[in-house]
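Several structures are given next for inspection.
Common to both upcoming complexes is chain A, partnered first by chain B, then by chain C.
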Partner chain A sequence: MHSLISVIVSGVAVGCVYALIALGFTLIYKATEVVNFAQGELLMIGAFVAYSFIVLWGWGYWAAIAATMIVVAVIGFLIDAVILRRIIGQPQFSVVMLTIGLGFVLRAVGTMIWGTSSLVLPTPFAGAINVGGVVVSSTTLSMMVGAVFLCGAVGMFFGLTRVGVAMQAASQNQLAAYYMGVPVKLLFSLVWAISGGIAAIAGVLIAPVTLVDSNLGFLGLKAFAAAVLGGFGSVPGALVGGVLIGLLEQLSSWYVTADMKDIAAYVALLAVLFVRPQGLLGSVGRKKV
Partner chain B sequence: MTSAILDVANIETHYGPIAALRGISLAVEEGKITTILGSNGAGKTTVLKTIAGALDPTRGQVRLQGQEIQGMAPDAIARKGIAHVPEGREIFPFLSVGQNLMMGAYARSDRSAMAADLDRVLSYFPRLVELRTRAAGTLSGGEQQMVAIGRALMSRPRVLLLDEPSLGLSPRLVKEVLDVIVRINRDDKLSVLLVEQNVAQALQIAHYGYVMELGRVVMADTCDQLRTKADIQEFYLGMRADDAGPNRRWKKKTWR
Partner chain C sequence: MRRIFKTHYNQDIDLFRDGIDRNIYCGLLVILLLLPLSVGSFWLGEISYALILSITSVGLMLLTGFAGQVSIGHGAFVGIGAYANAVLLTSGLPLPLSIIGAVVISTLVGALLGYPALRLSGLYLAMATLAFTFIVEHVFVHWESMTGGFGGMSVPAGVILNYSIMEGVSFYYLCLLSAVGALLLARNILRSPTGRAFVSIRDSEVAAQSMGVNLASKKTTAFALSAGFAGLSGALLAHRIGSLAPDAFGVLLSIQLLLMVVVGGLGSLHGAIFGAIFVSMLPQIIAVFRDTLPDSLAQQPGLEPGLFGAILVAFVLFEPAGINGRWQKVKAYFAHFPMHRKATFRRQKNFTKSERFR
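This part shows the complex of A and B:
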C-alpha cells in the first residue's frame, strides 16, 4: 500500500514539472498565438546552464538557479524579439516550423557546448522526509514545492501587477491594448522571457530524476500532450493536464509494464480527445476576433 | 486654424490597392467637439484609425499640437495623448470593469490623480460602480460602451476619438452616452473628434462638422450652418422641403 502511495507521490512530482512546461506553452500561446515547440529545448538549456554554474563554476545552488532563470529568460526574450517578430503575420505553419527548427538548433548547440554524455546535476536535496508514514525524498518534495511556488508567483504576477494585467489585456484584444498605450510587442517578448524562466526552473527541478543531456528536450513533447489534454490555451488545464500525465505515467509503469511509461501520456491524450476534443478544461469558441 | 490641437493634412490611406482616403484635411479645434458625417463606406472610421496609428497613411501629415505623428505605432500615439474609442467598443472581455478602466491609465504613473480620475469616470457613468468587479464581456452593449469611453478618459487624453459610440444602443442610451460626451467636453475642455451615424444627434452636440463622401471631404462648416443646408437635411436628416404632402404622393404614382 505504501509503495502505491509513493508511486502516486512521485507521479505527482514529475507531473508538477510537466505542468510547469505546459504552463510555458500555454502562456506563449495565449499571448502570441504561437505554439512554441522549442519549449522543451529551453528546459534542456536551463538544465545545462545550471550544470555549468554549479559544477563548472562552483556557484551555490540557489544563486545558480536564479542566474539560470535569468539566462534562459533572456534567451526566450531574444527568440521572440529578434527571430519570431519577423515572421509574425506569416501563415501559422511557418511559425510552427520555425519553433521546431529552433528546437533542433538549441539541441545542437547544447550538444556542441556540453557534449553528448549525461551529466549529473548535484542538488542540496538529500535524504527523505517521513510524511504520515510515507517516505518522500527531498528531491520529490523539491519538485512539488518548486512547481507550486512558481505557479503561485506566476498567477499573482498576471492577476495583480500592472504589467501582468496588461499582458492579459493584450492577449484578449491586441489592438485595444495598443490603443491604451501598452507596448504590446515588448510585453509579448516579456511573456517569452517568463516562459523561458519557467522552463529553466522546470529543467533544474527535474534534472535529479532524469540526468542532464540533450534528450531532455523531448520532455517538451510530453508537456505538450499535457497542455492539449488539459485544453490548449487554458492555464488551469495545463496544470491539471501536467499532473495527470505525470501520475498516469507512474501508475501505468507500476500496474502494467515499465515500457508503458513512455506511451501512457499519448494513450491518455487520445482517449480524452475522442471524448472531449477541446480538452479537459478547454472551452470552445472563446477566442474573439 | 491656429487653435487646432489636431490637424490632419491631405492624408491618403490605402487598404492594399484600394484607396480609402483620397486626401483628407480636417482640424480639431482645442476644446471643441468636431464631427465627421458621411454614409457607410465614406471612410470615417479609416480617418480615425489613421489618426490613432492603426493604419499608416501613404501620404499626408497628422499633427498633434504641431508635432507630426503619422506613421507612429498606435501605442506611441496613445501615449502622446490621443485616446481612441474604436468602433464596436473593443473592451477586454475577461478583465473586470475596474481593470478595463485602469488599463486606460496604463501609460500613467501618477497614482493619486489616477484614483481621482477613476472616481470622476464613475461619476459620469454611475451604473459602472456596481459592475466594477464583473467581467466586462458579460455587460450589455450600452454598458460596454460606457466602459470603452471611460477607459479612454482614464488616459487623460488631449484628444478623444470616438467611433460611432451610439452604434447598437437604444435611443435612451444614445442620449445618455452623448450627454456624457457633452459634459466631458464642457467640464474638462476636452477636444473630441466624433464619428457618428446618428447625424441629427451629432449635429446637435458638435461645434464643427465635416461631411465625407467616398474618401473625400465634400463639406465643412459649423454644425449650426450644416443643419440648415438643404443637402444635409435631405440626405442625413430625412427632411425634404418640397416632398411633403400629397404632391409627392401623386408624383410617385405617375409611373405606374
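This part shows the complex of A and C:
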C-alpha cells in the first residue's frame, strides 16, 4: 500500500513539472493565440544553461536559477521580437510550422553546444522527509512547491497587475487593445519572456529526475497532452491537467506494464480530444462568419 | 503571356489548361520513361525515392493544402503502409495484391482515426495526429510477433511476373507508375465536386456547411484518401529500405512530410512535387554543404534536423507560398516583363482575429 502511495506521490511531482510546461503553453496561447511547439526545447535550453552555470562555472544553486531564468526569458523575448512578430495575422498553420521548425533549430543548437551525452545537474535538495509513514524526497517536494508557487504567481499577475490586465485585453482583441493604448507587440514579447522563464524553472526542477540531454525537449509534447486535458488556455486547467497526466503515467506503469508509461499521456490526449474536445476546464463557442 | 479563350464551361475543369500544357506534361512523362537509358543506377534510385515521396506529398497536399486540415501524423500512415506490405508479402501474397492491401489498410486506419478526429479543428487535430504518431510507433515496437520490434523486419523481395522489382530499373518503373497514377487520381478528385468541397472547407467551414457540404464526411474522405496515398508510398518505401525499423516512422518523418508540402507551396499539386524533390535531394545538398563547412561545425551531430528546422522557419517567414509561389512570381515577372510591378505580391498587413471569443 505504501509503495502505491509513493507511486502516486512521484506521479503528482512529475505532473507538477508537466503542469509548469503546460502553463508556459497556456500563457502564450492565452495572450497571443500562438501554440508554441518549441516550449519543450526552451525547457531543454533552460536545463543546459543551468548546468553550465552550476557545474561549469561553479555558481551557487539559487543564483544559477535566477540567471538561467533571465537567460531563457531573454531567448523567449527575442524569439517573439525577431521571428514571431513578423507573422502576426498569418494563419494558425504557419505559426505551428514556425514553432516546430524553431524547436528543431533549438535542439540542434543544444546538441552542438552541450553535446549528446546525458549530464547530471546537482541540487541542494538532499534527503527526504517522512509524512505519515510515506517517504517523500526533497527533490519531489521541490517540484510540487515550485509548480504551485509559480502557478499562483502567474494567476495573480494576470488578475491583479496592470500589465497582466493589458495582456488579457490584447489577447481578446488585438486591434481594440492597440487603440486603447496597449503596446501589443511589446506585451506579446513579454509573455514569451515570462513563458521562457517558467520553462527554465521547469527544466531545473525536472533535471534531477530525468538527467539533462537533448531528449528533454520531448517532455514538451507530453505537457501538450496536459494542456489539452485541462483545456487549452485555462491556467488552473494546466495545473490540473499536468497532475492528471503525471498520475496517469505512473499508475499505468504500476497497473499495466512499464512500457505504458511512454504513451499513456498520448492515449489520454486522444481519448480526451475525442470525447470532450474543449478539455476538462475549457470553454468552447461557435465561430461567427 | 498566354490567354485562353474559353468556349465551354467544362474548360474550367479540364485536366490540362490547354494544348500546350498537355504537350509539356506528356513530354515530361516521355522523358521520365526514357530516363533509365541515360542515368546511372545511383541517380535512378534517388529519383525513385523522390517519386515515392511525391506520392505522400500529393496525399498530404490533398488534406493540408486543399482541405485545410493539418496532420502531424502522416509518418505513421507511411509506417502502417510499409509494415502492412511487408507482413502481407511474408504471408505469401503476390506483390500487387500486397501493395493494394497496404493501401486499403492504411486508408481504413485513416478513416477510423479521421472520423472522430475531424470534429476537432486546426490545432487540436494537429495534436491528435501527433499523439497518434507516438502510439503507432509504440505499437510497432511492442507488437513483436507481427513487426519484429526493434530487431527490425526484413521485407521479402517483390516479384511481378517473374521480374524482381528489387532491381533498379523495374523498381523505378513501379514507382513512376504509382506516382503518375496517384497524381492523376488527385487531380481528378480535385476537379470533381468532392475536390471543390475540400477547397470550400479550407476557406470557410461555416460557409461550406451552409452551401450543403457535409463537413464530417468530406473531412473524413480527405483524411482517409491522404492516409491511403501515404500507405502506398510506405509500401514502396519498404522495398527501398529493405529492412523496417520502428523509429524510421516517427515524428521526424511526419515533420519531413509536412516540410515537403510547406516548402513546395500549400494548395498546389505542383508544389507537392517540388517539395518532394526538394526533401529527397536535401541529404545530397547537405552532404555538399558539409564539405564546404569547417570540420568542427560539419561533424556536429544534429546538424541535419537543425537545418530542416531552419529551412522550415525560413520558408514560413520569407516565402509562405513555397517553391511553387516563387516559381509563379518568376513566371509573372517575365510574362509582364517591362511592366512588372513590385507590389503585386506584397503581403497584406493583418491583425490576428481571435478564434476563441466567437
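Just so we're on the same page, the second predicted complex is superposed on the first by the 285 of 289 C-alpha atoms of A that agree within 3 Å, B and C clash if a C-alpha of one lies under 4 Å from a C-alpha of the other, contacts with A are read in each partner's own complex, and residues count from 1 in each chain.
Convention: a contact is a pair of C-beta atoms (placed from the backbone, for glycine too) under 8 Å apart; a residue touches a chain by one contact, two chains touch by 3 or more.
None of these values were measured; they are calculated from a predicted model.
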Open item on the list: For A:G60 in the superposed arrangement: first (chain B), second (chain C), both or neither?
Closed with: neither
Task: Partner chain(s) touched by A:I83 [first = chain B, second = chain C, both, neither] - done: second
TODO: Answer with first, second, both or neither: which of chain B and chain C does A:Y266 touch in the superposed model?
DONE: second
Open item on the list: Taking the superposition on A as described, I'd like to know which of chain B and chain C A:P122 touches: first, second, both or neither.
Closed with: neither
TODO: Could you say whether A:R162 touches chain B, chain C, both of them, or neither, answering first, second, both or neither?
DONE: first
Open item on the list: Going by the contact rule set out at the top, does A:T111 touch chain B (first), chain C (second), both, or neither?
Closed with: second
- [ ] Have a look and say if chain B or chain C is in touch with more residues of chain A.
- [x] C
TODO: Report for A:G181: first if it touches chain B alone, second if chain C alone, otherwise both or neither.
DONE: first
Open item on the list: For A:G101, using the defined touch cut-off, is the partner it touches chain B, chain C, both, or neither? Pick first, second, both or neither.
Closed with: second
Open item on the list: Residues of chain A that sit at the chain B interface in one complex and at the chain C interface in the other, please.
Closed with: 172-173, 175, 178, 288
Open item on the list: Quick check: in the complex, which residue numbers of chain B touch chain A?
Closed with: 52-54, 73-76, 78-79, 83-84, 86, 90-95, 99-100, 102-104, 106-107, 151-152, 155
- [ ] Give every residue of chain A touching chain B within the complex, in rising order.
- [x] 162, 165-166, 168-169, 172-173, 175-184, 288
Task: chain C residues touching chain A - in the complex, by the definition given at the top - done: 64, 70, 72, 116-117, 119-120, 122-124, 126-128, 130-132, 134-135, 138, 142, 204-207, 255, 258, 262, 266, 297, 300-303, 305-313, 316-317, 320, 349-352, 354-358
Task: List of chain A residues in touch with chain C within their complex - done: 32-33, 35, 83, 86-90, 92-94, 96-98, 100-105, 107-112, 116, 171-175, 178, 214, 221, 224-225, 228, 232-233, 259, 262-263, 266-267, 269-270, 273-274, 277, 285-289
